[in-house]
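So, here come the structures, one by one.
In the two complexes below, subunit A is the common chain; its partner is subunit B in one and subunit C in the other.
Moving on, here comes the complex of A and B:
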């Protein structure tokens, strides 16, 4: 790309970048650093305003790991994230392939499906909580009417079914985004390869496995990373539908951290969870950013 | 035959879209049912009669107008602030090439991935020290921390697509950098900026965590916090809740339908490319 040569350029452009950067350093960078500090401090409601507080060593982390809920929260977070990423990718890819076919209204319908993704997650939580309600919920009514069950299921207050339902809700929310990104990838694939494959007599299945999937690998990898990052951010859906319950069945790290800080006011533990999760999320992001860079160099 | 197949696919597509969007329909349908019809078994797919009692209830008893006003105030102000900060930063990043700018871009991307529910803890303590808890300013600043990195990344892509030759021509004509930006770059990038602003608005309008953590006073809270206080308890007046949700999200859905095509374009160009 050609550079333009205004006399004032570098300094002015630098100032433009610096203003936003200063904001991000002050209001994102500093809180992240401060969170790390807090996770080693004894933070109580009484000393919130102090910067220097009693040093607690690794006490916050130790309390956390020794908490009886710790193992379950870890498993919940892994299950919730893995199930979401796999299902969003699977459904998103199927939908992207389908709406990539040439038929009237394909693009418009694909766009309309994105409506699920722009809704506030808390509203989605409210709608799905009502759909799965024990009394009068549509899912229960449908199962009762068709004779599948004899009495209403307590979907969200039963530890066995709460997690699958919360996962399903978040998959509903996240799938359109995966679909849109995969659709963009599909539309960038070169037509010539498919024409050549058709001449060679490759069937639709062979074309999918031998051509589409390998060519889509970078996009699929990007979507995997992005939906992992977005799923680790999930809070409103779980908090609104179950609040982490029943008996911790849907408690994940973000919900747990929020509970420690804003319901029990044990900010040190909230900060300790946040620090652990930040390390993980930033790790995934660095993998993703590196993959983007290697792609653009090709 | 070929035509029949294409319309067959349209029918399947319409069925998929309809099933997917059904929960949104169910929200509106439930909001228009009377308490008796709401629990009819089997449930009515279309309300027998349009009952507006739930809407009456949320506007008179649940303070819907105040919640909505707070939501628009917070979302509108933070969208404005985000765009004002993001446009120059994104433009600068699209025109400067240096290791320094590459590093800054990575920093911006990393600041976008931090989960707000986890950021809430340090942000709350930090803002408490600054005296920003319980003020609109505090929530707006917190919202901008979430939307600014997102807007910078999307807008940088927009400005990268504006050819540098345009500025070169402006310079030859005697423009300074600033006048070239205002006279040429911003008009050319107008659509991209509107899309970014729309996406930012959709994001901050639906935000719950920061408002819940930073605004203890009920009269200052946005509709998300109001909705949570509704669904958090054990409740059965789902028609009221669905009416609340409907009123809250109808502006979002309208904005989405209006901007659908551009939003799809903006997302695909901004999110995948670094």
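Moving on, here comes the complex of A and C:
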């Protein structure tokens, strides 16, 4: 198919590209650059308005890495992100397949599940914090009433179980997003392939493994990248549920960065964390953009 | 500390509602001169701010106060952002432990000359604790707005059911441990006591009274006295007398457990009194914090509350000062107690106060309330204390070891600027 595109009018193309580039430089490039500069400066409440502040070299990064919490925060961030991405993708895919069966009410139910994703994360944090409360929390009351446990569990207030609970909450919050993207991918799969497979006698399992998964690979990969980026910057759910505690058990880089900048007023260290995270997110983004290119080639 | 503002559900709702309001000050400014005031108070319940602003606006139609209400959890972030972009309001409130951070970094207008010329605002008319948080190197950078402190809420029905007399609340550390153990139910559904030891300022705020009552202070964390003060909390949590959830709940969430009947006692501040009064379906009262023991009766409590301050960059510091003078009149400050805030002045009398028993108890407790710091790096001092508390309560370290680590972090900071420096 011959596409008519902006390429047909070089001047219009130039103007469009220049304006979006200017937008990106002003609203994405400048903040990133500003943050990078801040991470090499000593920034206090007294000089935060200035651009030229005392140069600190790599002191902010060194302080971070030497902080006794650094190793744990790194592990927490990796665990939180990996668990979220895998579980959101798994549940999201299962739900997408389920609603793809298009039974009566499927669309309506799929819409209802999206409600979780529309709620503000701070509200979700407050609700789940109460659900998992040790005394009077709904989960404990249900387990006590059914005789599964004899005494209430200390879900969020035990450093060993706080992270799984926070992860579960964020999975509940993030799964609908993965589901909707995967649903869109599923609805684009060609029916002919499935009809041919049915004629050849392929069962449901074979259809899933041999047809659906390979055809969905680019979409799955895109969701993988996107949910990695979204989970890495997740802040509200953790902040609202535990504030990073107990004893740093749920402290991740975004929450730590917030604490440095807006609780301790050590803006340089907050900026250093943001820069480290930015480098990682850029890496994921490059992978994602490359996958988009290969997808269009399909 | 007005921790009701930390009620996250309400906070999220407020954020959503506040967004369209951002455009309002610009419109008002175009119509005449206004004075931008930033604060965190809910005008539905905060009669002091509501009535004070109303009477100012009635008397000054050409210099109306234009309020911007920011939820507590975002307030500091917004203030820092305003300083960074040079878009500070004409007048604002600042949480008292944060005030020295902003004063020492020269972000607040020096009010010393204005105080010297004022008839109403004089150091000797204020309680020494709140006033001390406004001082930095001999200058006054803020004026106390309201004060609070913490005490012990009791559920009388649970006391009686356990064969205890609510008229005789636990008066010592040993008694509070023993009483809380008796009040805790065997199935673990009801605990004896709630307080807040979460990874936030709440933990420091709630533990400092115990530390002070032991005769120690934040610069003496590696002492047996400090360890004893933390050990009481460890004993409360490890015995099940207090819920382990103290590690995650805010002060007001702790009070929620009392209201819902899941805790027989709760340590919190007067900001929760109106809510307890409206929602608790049982007889309750407020008792002073227990002291260390007989013959060791150092009474102490921690001071919370907000100050007025005029940020650097205020477009109208003179008018802002007149608003502070207006709001500091005893007859206007009298309204503070309606929302559970105490006046920081000595000449404010509240006749026929609402919740009279709680008012009397908190007023008494206020007399022994001490300021946190004051120190320009208070957040850096508070954080290691929070960590030590969490480590000890979760059993990761003994009280002594956890506090020794905290003392090691705090010592170099205090070597640069001593407490009350």
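We adopt the following convention: the second predicted complex is superposed on the first by the 267 of 298 C-alpha atoms of A that agree within 3 Å, B and C clash if a C-alpha of one lies under 4 Å from a C-alpha of the other, contacts with A are read in each partner's own complex, and residues count from 1 in each chain.
By our rule, a residue touches a chain if its C-beta (ideal position, glycine included) is under 8 Å from a C-beta of that chain, and two chains touch if they have at least 3 such contacts.
Worth saying up front: this structure is predicted, and the values here are computed from it rather than measured.
In the superposition on chain A, A:135 makes contact with both subunit B and subunit C.
In the superposition on chain A, A:247 makes contact with subunit C only, while subunit B stays out of contact range. Of the two partner chains placed by the overlay, subunit B and subunit C both lie in contact with A:49. The partner of subunit A that touches more of its residues, comparing subunit B with subunit C, is B.
Residues common to the contacts of subunit A with subunit B and with subunit C across the two structures: 48-49, 120, 122-123, 125-127, 129, 133, 135-136, 144, 240, 243, 261-262. The touching residues of subunit A, when paired with subunit C in their complex, are 44-46, 48-49, 120, 122-123, 125-127, 129, 133-136, 144, 150-152, 154, 156-159, 162, 240-248, 251, 259, 261-266.
By the touch criterion given at the top, residues 1-6, 8-10, 12-17, 19-21, 23-24, 27-32, 34-35, 38, 43, 48-49, 51, 95, 98-99, 101-106, 109-116, 118-131, 133, 135-136, 138, 141, 144-145, 172, 177, 180-181, 183-185, 219, 222, 226, 229, 232-233, 235-236, 239-240, 243, 253-255, 257-258, 261-262, 267, 270-271, 273-274, 277-278, 281-282, 284-286, 289, 292-293, 296 of subunit A touch subunit B in their complex. By the touch criterion stated above, subunit C contacts subunit A in their complex at residues 7-9, 11-12, 15-16, 76-77, 80, 83-86, 101-102, 105-107, 187-191, 198-201, 243-248, 253, 257, 260-263, 379-380, 383, 387, 390-391, 393-394, 396. Contact residues on subunit B toward subunit A in their complex (touch as defined above): 6-7, 9-10, 12-14, 16-17, 20-21, 23-24, 26-27, 30, 38-39, 41-43, 85-86, 88-89, 91-93, 95-97, 101, 104, 106-111, 113-126, 128-129, 141-142, 144-145, 148-149, 152, 164-165, 167-168, 171, 176-178, 180, 202, 205-209, 212-213, 224, 227-228, 230-232, 236, 238, 241-242, 245, 248-249, 252-253, 256-257, 260-261, 263-264, 267-268, 271-274.
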